[in-house]
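Next come the structures, one after another.
Here come two complexes built around subunit A, the first alongside subunit B, the second alongside subunit C.
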Partner chain A sequence: MNELAVQFDGVSKGYTHFSLENIHLELPTGSIMGFIGANGAGKSTTIRILMGLVHQDEGSVRVLGHTMPAEQAQAKLEIGFVSEDMRLYGPATLKWHMEFMRPIYPRWDQKYAEELARRFDLKPEQKIKGLSHGQRVKAALLLALARRPRLLVLDEPTTGLDPVARVEVLGELMAALADEERTILFSSHNTLDVEQISDQITFIDRGRIIDSDNKEAFLDRWRRLRLVLPPDVQVPRLPGVVEVGGSGRLPVLTTDRFEPAMVSVCNELGAAVQAVDTMTLEEIFVANVHSRRERLTA
Partner chain B sequence: MNYAMVRRLIWKDWYFQRTAILLAFLGGAVSLGVIAFGGRAGFTLGVILVVTIVVMLSAMTVMGNTIEEREKQTLAFVMSLPISYVEYTTSKILGNLLIFVPFWVAVVGGSLALIVVAPPIHGFLAFTVIMAVEILVSTCLMLAVALVSESKSWAIAAMVTGNVALNLVGYLVAHIPGIRRQMWGTAIYWNATATTLVASEIALIALLLGGTFFIQSRKKDFI
Partner chain C sequence: MHSDIVISQSDSRPMYLQIMEQVKQRVAVGEWAPGDEIPSIRQLAVALRVSVITIKRAYLELEREGVIVTQQGKGSIVAPNPELSPRLYDEEFSEHLEKVARLGELLGLTSEEIARRTKEAAKRLNEGRMKEAGATKEIV
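Take a look at the complex of A and B:
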């Protein structure tokens, strides 16, 4: 569990209208990282650098002990990759794809592939062009899982899926997690999906990683404090407040460093704490992005 | 170089082009039959048909194996396999040539055989070889541009350029004194001019393919 499956160290990549800057990312073996960012935040570019498909301008990338992009062929032998913009060959069947990939991967598990086909309700003899979007995603996931990868990289795999297909795909991912040695990087802008399966969360915005921690720590340290201020009492200055909302006498403080002692501090300063609300991952993500963007424009 | 992986990718490309290959072989055989047994009008029609089929197969394989892979987003699937850029490029160049060249050899061989058995057109042998290799140059140009630019528009531009060049080269070669003198004769000939022209074409092919490897190995964004 201590080894790093993925390690980005000071990685940068520049394009004309977008740049990925100074990315530091560590993914321990056996962990499941949810990689959350808005559209265009840099999730796919980061993942493409991880896969060796895009060369970083600066910094180093190591994946499963291999230096990327130089050793991408060796690394990809142990990576299962599914991305939202990946398509299988329309005129070929799922069975053809399985037969095509079987000799490539030494750990290919045909029984598991057939079992997944049954569980996903996929017919191996059916041509890919005849499958729905959800079925195509499941087929790609099947091909990624049946190679028994040490690292599973999923770039927005649930985008465009109907609720039933999404639950099925996420369910299968949860089952795949039973293998403690398998590491998963799951990128999405859907925080609900990420929250369900991840134990590590990383937020990315405008090409920079803005926060990274384990999920429980995120959920524990982010809170909304609803205060009632008597006349002449100022909004208390608390550590880690990233956003002050609400109205003048009824402020709502969002903090990323919540401690239970904050409640008594507020009371001592004359501000009554009406409620301490937990936050969903989506609320945490949005607050995080807003506060960073406000800091940058200030 | 992972040759097993390169072979696998070549087999995949061949599999998806197998219908086009089969139809091209059938069409090529019919065209040669028309040339052989169609009289004077059949000769002209057959030559047009055979050149059209060769050019079509060349365009279909290059577009189908390279540009369509990007357009239909199957390139992400291919590049997720354990291959490097150089292995991908090798598989594309070898794959396209292994699809096209056997057909090209069969058609050119058939055409030369017809020339050899028909004394009135013996003089066309050198011209036919030069133009056949020129078609190979056009195919390699299109393949190189398709791989390097990854753009349908540029690949089409290369295809048009290749076809225009084919007509232009045909016209120029037919007017080179060393070729023109014997072209309409009834004797089989081969001279230093023909050797120079074919050698130049082969050098151009080597330059195009070598340049493609050079550029591909220095690319920083592959998808």
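Take a look at the complex of A and C:
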């Protein structure tokens, strides 16, 4: 049994105006990875390479033990893929789509498909073209989940969904993970969704992975320190500071290597620590991208 | 076991701390008795729609504090003599006290005034409780 459901090793892909460079990714079986990046950061390209839809120029990709893109036919039988631009056939009904998928995928679970239709409030007899955006996303997700795939790959699954539908979708993703052999990778620019359900978090910007870690470690090592400096005291030099904001006497330091000992170090240096703020994933992502881009242009 | 732990998105504390606190409260009020089996990490993750790694961390910390016992491959139970030491509350209390001191300074209060107002707040809380208890009696 392979412990890694997805493994990217030194993967690159060049286009005229964009390139994906030296991507390393590891996703353990049974966990869920949130893949966060701004628009155009390379999330979809990475996912297409994972699916074998785009061939990498360099590097190796293994998915569920299969080498991609060479063994994509076998791999795809075990991957459920939902993306924004995936079109269902408009004139046909959801039921027609279910009947269509059934003979192709040996593990298709008709009972589960019907149950999902009920939970998602979808009518199997309704034609796809009459569905709202949210209903289409849920229909596509239903078709992917009912195949009981070992790996679910979702490109922006919650984008454009209303709050109720988002909670339903996140709930079904977590329910799928009740089976320890199942793995999920989903991309999003909604950091709240990622923060809530992900075990692993990966940030991508301008075609490069800028950080990847388990969520708890991620949230633990980022902190904002609010200091009060007496007139003759310098801002203390602390490890991992990516940003110094605030004003001269009231600096605010953002660090990605926080240790509780930093507070006493600051106090010893004469800088009073007013507060140590935890950061949301969104704040961490923005600080990370900014500091990375500044270093590149410096 | 049905778990109706409710996570607040507007609570600025990390999610694992919220989960720890609610498990402790459940043990403290006796809903989860010593020796009772508690939901597995994965079950609770699915029920709360919160990542497995977050629940794992909460359970690890609860085990370290002596509230629960996790047996390899068998799941977790409430410890026979659960240690409900208020370390977590103590830390939170200190944090709030620091905030009180800082805000007091901003308002130009002396430390005596800050102490007096803290005492008053405790007194108000107590009086509120007495009134509530009285009201319940009247209904009965």
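One rule holds in what follows: the second predicted complex is superposed on the first by the 296 of 298 C-alpha atoms of A that agree within 3 Å, B and C clash if a C-alpha of one lies under 4 Å from a C-alpha of the other, contacts with A are read in each partner's own complex, and residues count from 1 in each chain.
Just so we're on the same page, contacts are C-beta pairs under 8 Å (C-beta built on N, C-alpha and C of every residue); 3 or more make two chains touch, one makes a residue touch a chain.
What you are looking at is a predicted structure, and each value in this text was computed from that prediction instead of being measured.
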Room on subunit A for both subunit B and subunit C (clash or fit): fit
Once both complexes are placed on the shared chain, angle at subunit A toward subunit B and subunit C, C-alpha, multiple of 10 degrees: 150
Which superposed partner A:215 touches (first subunit B, second subunit C, both, neither): second
First (subunit B), second (subunit C), both or neither touched by A:170: second
First (subunit B), second (subunit C), both or neither touched by A:103: first
First, second, both or neither for A:196, with subunit B first and subunit C second: second
Touched partner set for A:291, first subunit B, second subunit C, both or neither: neither
Partner chain in contact with A:22 - subunit B first, subunit C second, else both or neither: neither
Contacts of A:67 with subunit B and subunit C, given as first, second, both or neither: neither
Distance in angstrom between the closest Cα atoms of subunit C and subunit B, superposition on A: 27
Touching residues on subunit A, where the partner in the complex is subunit B: 48, 51, 53-55, 72-77, 79, 81, 83, 85-92, 100-101, 103-104, 140
Parts of subunit C lying in touch with subunit A, wherever the complex brings them together: 9, 12-16, 42-43, 45-46, 49-54, 57, 102
Contacting residues of subunit A [partner subunit C, same complex]: 30-32, 167, 170-171, 174-175, 177-178, 180, 192, 196-199, 214-216, 219, 274, 278
Complex interface listing, subunit B residues touching subunit A: 2, 4-5, 8, 12, 15-16, 72-74, 76-77, 79-84, 87, 220-223
